[in-house]
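First, the structure itself, so that you have it in front of you.
Order as written gives the chain letters A, B, C, D and E; numbering starts at 1 within each chain.
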């Protein structure tokens, strides 16, 4: 089969799944719906794999499958096709998306077994997958944007899936609108790029960037910054991260798929996709790095204090995304994508694991009511632990490799800085702490489960994905082993060679010093280890300790526990401000001014009419007087 | 008879006529009794007649006097119709005061 | 004779203005009517002085005679008592009316007086038109007008009768 | 000099009309003051008008001619105007037949007086001599005073008649004063001659004469501030007469103003232009503004006719600015349309007057669209046309008329005009609101009187208004031909 | 004959309706409307999309004395607007099937007349005739709102009529002035737009009182009210709220386009210098309209009013794009006109369907409707997406290129206008959430308990027939915009490529323009 057809199937398969389930949205047959949807996702994964192997067969210089289906829009010189590009980057992305996606679909069959609208759920899930594929496969900004917005509205639909709950519907709304703010920036960024390059095609833009002469850098910087605004929205960075924790209102598989593994990484993907452009604007890079580092630390601190299992994971996601942006900001694009992938594995795993826990706990999400679940949920516990080890950066687990690469680059890269590295290390410490805390509170220690709840291990459809993802979390890192280890162990860094052609290197990147690198690595391992141990002590050995600490730093704790009051500030100053402004516009501008002016005019006309009418007294001498006055006036005008 | 115009300039007649005309006009404007108003209108027409005749004399042209002739006929006709209307109105309104005729207004 | 003209003219003028004022100022309508008769008679005299004998004669018969008599008859039918208040409206409006009348007089007289004082003396004709000229004009140049005026008189005749017979009035009287 | 047979031929229509108009009255006299059957009188009158129309139509007129020693003039334009006048008369007769405010017992007199008025109007239009203008106006007015006075039992017609009489006489005194001054300045009252002799005349004397003279005409046309009598008088008159006066009197006055333009143009004065502009603006606004406040349909239409006089006067201003052709064309077309829409609207009022003194208010129109869809539709057509909404004739007429003003570069004037037109929309829509959009509230006592002739007039007018809108060129060609 | 038939058939149908018995009016009207739509589609068979020239031209003298003629023609700009117009007639007839129960005959006559006048507006090339149709269309719309509208219909309808009529009167003055200019410059009086394009209208930059600027303002004012542009938009919410569903639909879907069409057809080509000079002002007003409309929509308690304000916002986009005066903006604007027609039309239909069921427009009273009316919810969702320009729907294509064109023309204004994207999502989704999501609201609960005299049934087959084509079009236009754009491309490119010497020829007539190449740029330099 030709590439066109395979790519077509890759894209269409989830759409067909969507249509199948969408048209029978009333059906309650969970198994059928789930099977079809999972099959659709599986077929996509299959196609992606086939294409991936075909890509491998191609010579390294032209490792790229470009397919253009039809001309989408032609306006003036803007000619946009519905064209797709399967290259090194999109191959990795689509494999992650379809692979993890398929697993999550599978998991959902079990998870949604008792829902009354499973078809609708799977339809949305498939639609999301299709849009995500558009996002990562599109060969130009516009097709990417279609996917970009598409995943946004699917996320909106899925967050608000249980729409009868006001809060859940509101969370969906919040997610969409926050994303829209980012999208607006993205749009402007796209316009700016189009104004500079006259095209939306990634290839052409990147090719054009080989020679920066003649490119208006100010506009380019503005453009990239605006694109980054888009990324902050989609990828939940400061200051637009607020929607992601709320998005946990959706079903847990959704959180795993959309809000951990795939959609939220779109911003990273977009920037990596346009890496030559971003590299040419150092100012933007600095902003990205700083925002990333800040997000990483800030979200991690909030994660320390939360009690909701999904919220903890959500803040963890925000924090990990911060790492990715830190990586992008310092020019470590490869590391960013690497972390993106490993994060997709272990975070999806942990979300699904939490889903399994929640499922077992009958929709209970508060970790204070869990504990000691190790016994009841052995598989879940085991797989969850793998994710835990990966995320805290336990050596030889996948997260270790990717995170270490980022920390190293933030130190080593000419665009990096000591403070950025420091932030990364602190964040890593926090991560280790809150993740261990989560493990401890959920699975270890004494059971705090209410008596009426009887947790039990989930069925196989749910555990199989967990096992697969757990495995990936463990081994996923070996494709990008750091240099020092790689040299030592003679493991080639597949990752770097794979992306060699695609990702530009930060200009002025010096030789790595093995000593420096290993030192830093040790520091990070030490910090993470220490933090994990501390958490273990706090929550297993001496459960009273946290209380003591908290009471000592009450003010700070309240601040962090309430997420720095960011939501409240937004509500008070942005949302209420806007609503009040709009009301003022409506009541004082439309009704009070424009309409009133109209009425003033009509009142004036009416009163003038009334006044003139008074002149018609009915007295004929008065009328004769008018004649005389008119006569005098007319003659006077002419003569004097 | 010698020409009067040689001793009294034409404008004297015109000014006299203007005065009469304005007096008539004032009468229409201020009198309460409609019959007197009608008389005032006759006064105005007469004033105009004076102008015609004066010019007629000045130019030695007969048409001015012919016009006066017509005007008189019409003025008489007007008076006749006017008085007939006043009679009809009087029967209806039981009075000829100007204040009575303010039903139509606005 | 020459110096008599101005004298007569001014005397008649003064009398005319006075009697005209009498028309509009007399409290009793009957006196107004008499003043009107006086004005018209004086006007006839003025016509006479202007050598418009025919017109002067008609003025006397038609106006001073017939029309005024008509007025008097109507006034007598009404049998009006002397009015307490001859003028309508309040004093402010009346002042305004008087003012506007004076103003109209001024805008009529001022430019005219100024203009006619320097009127072309060459135009002044020595020969006044006589009745024959009048007749020639009337049945020559003004024939059509004459016919129309004739028609008008017929219309007025029928119109007056119609008005007098108009049912409306009697109907109303019947009610009262 | 002398009277030629051709001169007499010109007056044949007038003579026919006069003679025929006398027939019913004389019949009545000979029958011993017994009123003939109204139908007979009606038919006679219609025949009179029809024959007059034929007489007018049969005479082919290619040039402007003068007759009776330049007393009267006649030409293609006047022929057209006369035809329009005859049309109005015909429709007025149709309206007045069976109208409750027209006295049955004096129907023959009514017809006679009406037709006499028409003769007066013709005289006014044809007049080339200022004294004939005066006579014409008197002949036009005197029968009207009587006609109004005998209409209905109410006090209102009497009052209207009386007001009209006093103020009309007052205004004609002014007109006459103007004639006197013009005579003084020009030594003639012949319009032709005045224009010819303009060189050796005293300018300011002529100016003041002309000004006072036109004031008399403005009074008849109802231009502000000489309009004040109009609403009261027309309101008090029987509605068929109102319809007649608002259309016919305006027609003849504006036609005469067009004839008089050469004299007006002798006065080269920016101040006069400013004065005229003020008059036009005041008239348009005055009429349109006060109409807003009216609840009586008839009175509202009368104020609207005041405003329309203002629009028409715009054309006169354009003519004053040497755009005679465009102005005449615009005015004629406007008049043509105006006749049908105004007369039609008043005809609808006639239709709903069951007694002599019934007033048709806006409230009475509630639910009319349901009760009488045809009439309601026609009234809507008239009102939209009056408002100048396309595709009605009123719109096209406004376009033509405004073109002349725009061609004269009077942009501000035309801006004011459209502003006032915008105001007018407000009240023209109100009756439509009442007819179509308010619920019917049992207008049981309010249904149309069974006058087929009135109904026919309404439909005819509606058709004409629409035709004038959508097929303007045939009419316009006719008008262009007479220029 | 094709275009005359398009204009004439509705009038003919109206006459037939006049004579039909009451019971058969709806069937006939629907059939006739559908036939007219199909008939209008035949335009595609003969339409030459490679040329910018006017096609299917008919030229007859109407008032030759003034150079006014019956001159109709179709080009790429008007083509889709005509199709949009004919498309909506059957939709509206079908949608009004149950909701209009009184004076059915008059209703359908009004609809047909409206149809004819609107088509005339889009098709005529003669300025006076354009004005005729432009104004005449007010009458039936006035009737539609005034007779079948809500409680404050008379206020709304008067406001609507007086506002729009007042605005256009000065345009009439300008048209007549232009006609005299043709007389002076081209030797013969003409009201044809093609001749107006040839005129040299004096323009002085940096000076307000000059001929071209004043006429530009007169025209713009007329069209701006129709569009409606901020700050003369206040008639629209009132008119929409009070109008019956069919009235709202036609008003939003087609009548507002008459204003923007006027800008494309008249203002931009005829007053090119002024349009370029003042484009910033128009763009600014457009941008304000976008943001302002969206913000005000956000706080409306009445969903119909919300949709009405969303119209203000959407039409702001159109204005913004048009005055970007580049191909992206212009094309986007044309596309957005169609989008707005389809999606706002659909929104008003949906809102109408809901109102028919519940007789309440207060958003507060709803909630949880999604479980009661799932299909309705889905369709509403898709239409909402279209309204907030989610990619894949038609709205995206239009908004994207409008914003891009605007951004390229003026970065600051582009940045202001982009807020419309955010606020647009806010108000639409806020409304969506409050009506469909959350716990069952007062109305839904009440209906379930049988408290109100309303039935919350899902869409009936008839309503599905109305809505499904609209949904299909929304998606089709979003996914295959080229299939529409290619028909207009030649015309639009011609418009944007010849900013100062725009001329339009008549297909089949190869005569060069009478005044071929006027040195128009010189006037700018002056």
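Heads up, the rule we're going with is that contacts are C-beta pairs under 8 Å (C-beta built on N, C-alpha and C of every residue); 3 or more make two chains touch, one makes a residue touch a chain.
Quick caveat, the model's predicted, so the values are computed rather than measured.
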Starting at chain C, how many touching-chain steps does it take at least to reach chain E? 2
To reach chain B from chain A by way of touching chains, what is the minimum number of steps? 1
Every chain in contact with both chain B and chain E is listed here as A, D
Quick check: more C-beta contact pairs in C-D or B-C? B-C
When you average C-alpha coordinates per chain, which one falls nearest the overall C-alpha average? Tell me, please. E
Please identify the chain with the largest separation between its CA centroid and the CA centroid of chain C. A
Chain-centre distance (mean CA atoms) for chain A and chain E, in whole Å, is 38
With chain centres defined as C-alpha means, what is the inter-centre distance between chain A and chain C in Å? 102
Cα centroid separation between chain D and chain E, in whole Å? 43
Mean-CA-position distance for chain D and chain A (Å): 79
Within chain B, the set of residues that touch 2 or more other chains is 14, 21, 24-25, 28-30, 38, 59, 61, 63-64, 70, 74, 77, 81, 84-86, 88, 92, 98-99, 101, 103-106
For chain C, what residues touch not just one other chain but two or more? 88-89, 97, 100-101, 104, 108, 111-112, 115-116, 119, 123, 141-142, 145, 149, 152, 156, 159-160, 163, 166, 168, 172
For chain A, what residues touch not just one other chain but two or more? 613, 616, 618-621, 624-625, 628-629, 631, 635, 639
Touching pairs of chains, which are they? A-B, A-C, A-D, A-E, B-C, B-D, C-D, D-E
Going by the contact rule set out above, which residues of chain C touch chain A in the complex? 88-89, 96-97, 100-101, 103-104, 107, 111
Complex contacts: residues of chain A adjacent to chain C: 619, 621, 625, 628-629, 631-632, 635-636, 639
Residue set of chain D touching chain E in the complex reads 329, 369-370, 373, 384, 387, 389-391, 395-396, 398-400, 402-403, 406-407, 411, 414-415, 418-419, 421-422, 425-426, 429, 432-433, 436-438, 472-473, 476-477, 480
If we count contacts the way the header does, which residues on chain D are in touch with chain C in the complex? 1-3, 11, 18, 25, 67-69, 71-72, 103, 105-106, 109, 112-113, 116, 119-120, 123, 129, 131-132, 135-136, 138-139, 142-143, 145-146, 149-150, 152-155, 157-158, 181, 187, 202, 204-205, 208
Contact residues on chain C for chain D in the complex? 108, 111-112, 115-116, 119, 123, 140-145, 148-149, 151-152, 155-156, 158-160, 162-163, 165-168, 171-172
